[in-house]
Amino acid sequence: MLIPDEVKQIANDIKEMRIRGAGEIARAAVKTLRITVQNSKAKTVEELLEELRTTAEIVINTRPTAVSLPNGIRFVSKKVRKELERNPSVEELKDTVDKAVKEFIVNSQRAVQRIGEIGSKRIRNGDVLLTHCNSAAALSVILNAAQQNKDIRVFATETRPKFQGHITCKILRDAGIDVTLIIDSAVRLYMNKIDTAIVGADAISSNGALVNKIGTSTVALVAKEARTLFFVAAETYKFSPETLIGELIEIEERDIEEVIDREELERIGNPKVLNPAFDITPPHYIDLIITEKGIIPPQAAFTILQEEFGWLSGDKKSLF
Amino acid sequence: MLIPDEVKQIANDIKEMRIRGAGEIARAAVKTLRITVQNSKAKTVEELLEELRTTAEIVINTRPTAVSLPNGIRFVSKKVRKELERNPSVEELKDTVDKAVKEFIVNSQRAVQRIGEIGSKRIRNGDVLLTHCNSAAALSVILNAAQQNKDIRVFATETRPKFQGHITCKILRDAGIDVTLIIDSAVRLYMNKIDTAIVGADAISSNGALVNKIGTSTVALVAKEARTLFFVAAETYKFSPETLIGELIEIEERDIEEVIDREELERIGNPKVLNPAFDITPPHYIDLIITEKGIIPPQAAFTILQEEFGWLSGDKKSLF
Amino acid sequence: MLIPDEVKQIANDIKEMRIRGAGEIARAAVKTLRITVQNSKAKTVEELLEELRTTAEIVINTRPTAVSLPNGIRFVSKKVRKELERNPSVEELKDTVDKAVKEFIVNSQRAVQRIGEIGSKRIRNGDVLLTHCNSAAALSVILNAAQQNKDIRVFATETRPKFQGHITCKILRDAGIDVTLIIDSAVRLYMNKIDTAIVGADAISSNGALVNKIGTSTVALVAKEARTLFFVAAETYKFSPETLIGELIEIEERDIEEVIDREELERIGNPKVLNPAFDITPPHYIDLIITEKGIIPPQAAFTILQEEFGWLSGDKKSLF
Amino acid sequence: MLIPDEVKQIANDIKEMRIRGAGEIARAAVKTLRITVQNSKAKTVEELLEELRTTAEIVINTRPTAVSLPNGIRFVSKKVRKELERNPSVEELKDTVDKAVKEFIVNSQRAVQRIGEIGSKRIRNGDVLLTHCNSAAALSVILNAAQQNKDIRVFATETRPKFQGHITCKILRDAGIDVTLIIDSAVRLYMNKIDTAIVGADAISSNGALVNKIGTSTVALVAKEARTLFFVAAETYKFSPETLIGELIEIEERDIEEVIDREELERIGNPKVLNPAFDITPPHYIDLIITEKGIIPPQAAFTILQEEFGWLSGDKKSLF
Amino acid sequence: MLIPDEVKQIANDIKEMRIRGAGEIARAAVKTLRITVQNSKAKTVEELLEELRTTAEIVINTRPTAVSLPNGIRFVSKKVRKELERNPSVEELKDTVDKAVKEFIVNSQRAVQRIGEIGSKRIRNGDVLLTHCNSAAALSVILNAAQQNKDIRVFATETRPKFQGHITCKILRDAGIDVTLIIDSAVRLYMNKIDTAIVGADAISSNGALVNKIGTSTVALVAKEARTLFFVAAETYKFSPETLIGELIEIEERDIEEVIDREELERIGNPKVLNPAFDITPPHYIDLIITEKGIIPPQAAFTILQEEFGWLSGDKKSLF
Amino acid sequence: MLIPDEVKQIANDIKEMRIRGAGEIARAAVKTLRITVQNSKAKTVEELLEELRTTAEIVINTRPTAVSLPNGIRFVSKKVRKELERNPSVEELKDTVDKAVKEFIVNSQRAVQRIGEIGSKRIRNGDVLLTHCNSAAALSVILNAAQQNKDIRVFATETRPKFQGHITCKILRDAGIDVTLIIDSAVRLYMNKIDTAIVGADAISSNGALVNKIGTSTVALVAKEARTLFFVAAETYKFSPETLIGELIEIEERDIEEVIDREELERIGNPKVLNPAFDITPPHYIDLIITEKGIIPPQAAFTILQEEFGWLSGDKKSLF
């Protein structure tokens, strides 16, 4: 079998990070499946499946830790497996792949906007919100609420070490929203004034735990202490089936120069520095997860994983 | 009556912040009482008291929000009031003032070291500690423990916005201690590895609540969640009798340029910025307060206030 | 297309509240679908669906805030949508509607009794129960337990402002059960003697939160504090798919004369009065929901919504 | 020895409830001690003490469950016992009694106003408060805050079964304060909007637990859940030394007709009715107790009891 | 119809406990269904079903309280019911039974090993674990982690009254693992050093509650208090659909001689002795359940029950 | 100076554990002070003090970790220090020592009975109690309650590893009380039936934490979870001033053969065994401490230490 050049090119672009962002990566990945069937000379269904497997493997291995990429592949794989129960012809199966790819692309493109529409209904006129870091999905909820002429105020944490809170401020200010910037440590002082804290997600595990920017779990704990609502805005392709079969989410350590420059480090006697990228928020601190499919409790993450990607889908071997 | 020039000079130095630091201010303040009696021409006890009241009023008004300053005065005042029960002569009363001033000065000078000696007994060999901001009293506990050859490791938060955690790192590294610098938001991620969190105090209120650097109450909450011990190291002159009669501790807002510079602020659309200097940790999150008089539960703050400064001592009118 | 008079009549009766009660309304609503197909002259499946959509829209709009009414319609709609996958004939589809209507009616009529049978197994001999307000489903559990000759005692809150607790007392006393009436504020005093608190539901949201008579959430909190079990008895048609896509449950304010009469209000200086009809109990205070389908944890509410009414069924546009 | 008629008269008036209210009772009680010494023909200190003991016993027995009455007696008794250490003459001792009586009367009369002055400093401009039942001390705090032109809003519970919340509304409305009346069960629904809940006290036990109107402990629990402050306003003569030696605070059951009239009771099948007058709020749900002596944490109740009434003062035998 | 002798034999062996252990029992039970179809002379599908029902009833009644036995039967029954939708021939149905039986046997045999593979990924190098009692599934997780050369230490409780902790020690020591034996009451003292507590299951109820060896719920509570993870390792056939329709899990009382011998009992005055075999751990104390199908949150137990055994499968009448 | 032989003898008997039990040890210790003054030939107060210091040092060093022993000495020392303020003669000081010794002996002898009288008032008719291990003070409360004809039931834990619960059963059964023996791990299963848990104390630290038999802190946690009251019965000489200046309470490890015999240990692969003698219950899990002086909240431990033994009494150098 021959891997189409276009597939190789996309795989390379993902690897070299020319294609970036959870959504972009996933959409590029599923396109390689469409390209594969379009170029396929397979005469039997089994041959076609073999080609799909090969492509899937190549693409998944470009970014072994991404969540959205294998989820896109799994989405198509699940449709294919279902079709197989009907003993389809090669052409019918190609058609199934084509449709599934389209569906995934359209859904994922619309997801952030849809999350905004769904989640904004939970924001009431007069609400004071708090957000941490800079999440497109979380901001979509806030911006949609503002567009509905709800009178809202937002507290944005600066989000050390990289100050993504500044970007959040800019986006919300550009939309004319009343924003207050605070340091991360000041969240608890103001929590009693906050009606709802809302954050995005890097990944959602099978037990509904949230993997997100370092500091998120503290915001959630502080919200719980004050009976403030804590919402997560997450596209369903952020749900991570890997965790279903026990892969431990490893917390990435990033460059310590994000925290302190070398010179200052030297000056203060070279202490160790730890710069973890994210932390884990347990599900019992989360009130709701807003997805493009609707609002779910964190404990329903497991159901979403089944629904979207099939039972035991965390097992990569089961693809196609 | 004539105010001695030296008293005026000291009052001025405190006001102009040439005399700084909770301990220095308090010691300078009580010295003005000694100067007053040394220069006094009072012929009756009542005259002498009148002079003391005048001096006290002048000195206390130099920094109306300081905690340690009126506490120094109250310490002497309490001794005087007690002596009055014995109908002392003018000379005897002068002597009482002199002794009380000396006692306060010696005690307060030794307090930080004494706190270190007492508190370090609570640190076990092999302990992993965490500290927030940069407190002389908290560091005294850690340094004393290290001097006893206990094998300890310390996590230091950077403490936004002014990065006092860097100073903490330097002091501990200079003492050869194993230190790890983390951002404030990473505290929860590591809390399960921490045996004891230990912080200083700006003030302790009559119900045992802690007023300290912004972020402290979050560290305490996170410690509670993980059954990690949370200790406060505080000289007794940090206990605030004002809170006894209901004066609200007002949380100082500091210059927003500590958080973000004007140019960046402009760039991100001029959000509001809040930069509170400290927060309040409720007593039920505090396991112990280490004072130079011994270790107390936070709820005994009230007893310390009575013991040291007299019942109802929050009432400034009752001085002398 | 012509709307059958009988459909119009039923729609009117629901609107004018001549048909009342969550179960009665839902059953009347699904009957209009049967009447529609019985009267239909549709020649194509699409025509028939159009007629069903028209009827559904008319009926749903009679009581826009009811939960059970659209749930009945959705139940039938889901069966129809499934049948459509098999390309049925017009007659076959009519038959499907007919069967689905029957199934819904029978199930809903038997639901309260079935809840009683299922839930009563959770009541042990010697149990002391507490109930708030007056719920047929909750009472069904208690009455079934008593009929099994279990020796039970019941605390009933009076349930201000409308004293529905009196009705509860009467029903339980008529069944010979030992009942104690208390004011709502006395619940915490007796909670340590209670084995299980059991209440009904106005609605269950997609994250398992309970919408019920004002005061319910306080009973749940107090039960949690005392490790007392807290059960909800709810027919599945009380589960609200609207909340799945973010419609906020609005808390109805009722006439303030329920709380205080005008004369007394005048006498006490015309304070504002708020008279909210219900409150929201978060899922983590709920141990079990007893439905006619079995016992579920509150977090499975989402699954029930999918199972019974179809994925994303909160979207009214997707009916038929 | 002869009991003065005036003493008998006062004792009788207390017994027959012609003298009512915690403060009035206590002041009347201590007056009988003054009358006793004024009428005394005692020639020795021991004789005088015997007379005081007799009077004390008579008066204390008029209302065995009152808290303030024996506290008044104990206050005088403590002063007498202290004086006895100096071997006073009969006349000196009479004088001591006279002064102690005056001091108690003046202090207790000023207590409510003093509590208002002290506590109101804890109320911030813009605060939303909640109060339960009708407490002079709690209202004093609120009214003082309003007189300081602080912009406050108050939620008042109606307080079943006797609707004392209506009186609260009237008092606050007469002072021009913005008041909202709600039923007791609605407290949790609004708690996130409340900054501070403030209630009075029937008694404070030696471990800082609060005995107050039924429903108070639920308000405290709900406040804790929402990180809302919970304050108690209580004169020091409400602190109950009896609890120091283990006397159980018994919860009075009041007439069930307060809850439901006989006719309605009959109609609903004669359930049992329980009408407890008050409940116990544990100290860990209380942030502060505002007394006329200053603000204390609940755990300092024990210290107040020692300070005011002497160690082991719960032992009635130790009087005089 | 004739019951094959082999079926009778197996039923008898289960009853007389010659076949023991949750897995063994379940596998033996499903084999009787295969034997039934192998020996069947049924000419219609309905006749075959009748035979299956008869066999199922006989087998289930051998051990009415077992969880795994009816689960095995239900697994096969669900496959049969699904096949029935396709109007199968008698032969096709026999084939379905045969395949379902094989699938169940293979799955259940591999379950413990699979749980070990999946769960061990959650164990990190350097982890300190704690286990209670002696569970094959929990030990499989630990042993798999050790085989991956992870450096782990294990605390094992002795597990009164039967000291199963000794067996646990032996198994782990034989695998060369560092084990520490402690009494059950010492768990809290060491909990802050534990990273993860991991236990097995006697049964999992439909709301995710865990039924396991007495003392398990205390370990879970203590883990929660210290933010230590609490994992359950449970084969899916331990999930109990009976609880779905309200059958109360009854806690078996075992022979009191396990706790104290008769002589000693006599000596100490014959107190009552209670010796409950297990307790119930509520789902909110459980972080994860590791099954052979993947990792699930406890709240997904309900979903597993549906998935594996069919909706309403708790109703025995619905078998076949 | 000459040490009286009798003093040496007593010191030796304490050291060799011929004198045992917290109370016995303390009484023997204070007697050495009386013997010292009786044998003294001191001509000045300073000489007498020097002799007392010598005796105190000898006696305290016999059992460096005992709590009651130095407390007895401190009790006398405090009286002496107070007397010194009056410039007593040698004879007067001897008399002071004599009286203080008597007072301590009488008080400590009566303490257990007094605790029973005071604490039993907190036990209500019909109460179900639970106790852990075997404490004379805790049993005194229960026995006193039974003598008052209160109808009580008691759950006694067996208390591994040494089964002191058997002794508890015997004592209570001998008094005709209804007792149920359970294993330590079964406490949580029955906690909802328990009204009050009551235990003794090995020591009480200055922040109100309880040092007691291993497992006590778990009982307290479980009680808290179920809103069950948790009482401690402790003589005041169990309060440990050492903890006031930071001496860490070290948890004694006892012989592992108490847990498992050598043969069995061998058989199970020689795991490590830890056998800690006690654990620490934090003050926020304790409702009350019943002392012979009255009932106090745990946070008042600090006050008791001051009251009984003087401020800073933890400093051994300050004796006499």
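Letters are used for the chains, namely A, B, C, D, E and F, taken in the order the chains are written, and counting of residues starts over at 1 for each.
Criterion: a residue touches a chain if its C-beta (ideal position, glycine included) is under 8 Å from a C-beta of that chain, and two chains touch if they have at least 3 such contacts.
For clarity, every value in this text was computed on a predicted model and none was experimentally measured.
The chains that touch both chain B and chain C are A, D, E, F. The minimal number of chain-to-chain contact steps leading from chain C to chain E is 1.
Seen as a C-alpha superposition, chain D sits on chain F after a turn of 120°, to the nearest 5.
Computed from the mean C-alpha positions, the centre of chain B lies at a distance of 58 Å from the centre of chain E. The centroid of the Cα atoms in chain C and the matching centroid in chain D are 46 Å apart.
For chain A, the set of residues touching two or more other chains reads 225, 284, 299, 303.
By the definition given earlier, chain contacts exist for A-B, A-C, A-D, A-E, B-D, B-E, B-F, C-D, C-E, C-F, D-F, E-F. Residues 191-192, 195, 225-228 of chain F are the ones touching chain C in the complex. Chain contact summary for the complex, chain F toward chain D: residues 117-122, 124, 284, 287-288, 290, 293-297, 299-300, 303, 307.
Interface residues of chain C, counted against chain D in their complex, comprise 156, 158-161, 166-167, 169-170, 172-174, 178-190, 214-215, 217-218, 221-222, 225, 251, 259-260, 264, 267-276, 279.
For chain D in complex with chain F, the touching residues are 206-208, 243-248, 282-284, 299, 301-303, 306, 311-312, 314.
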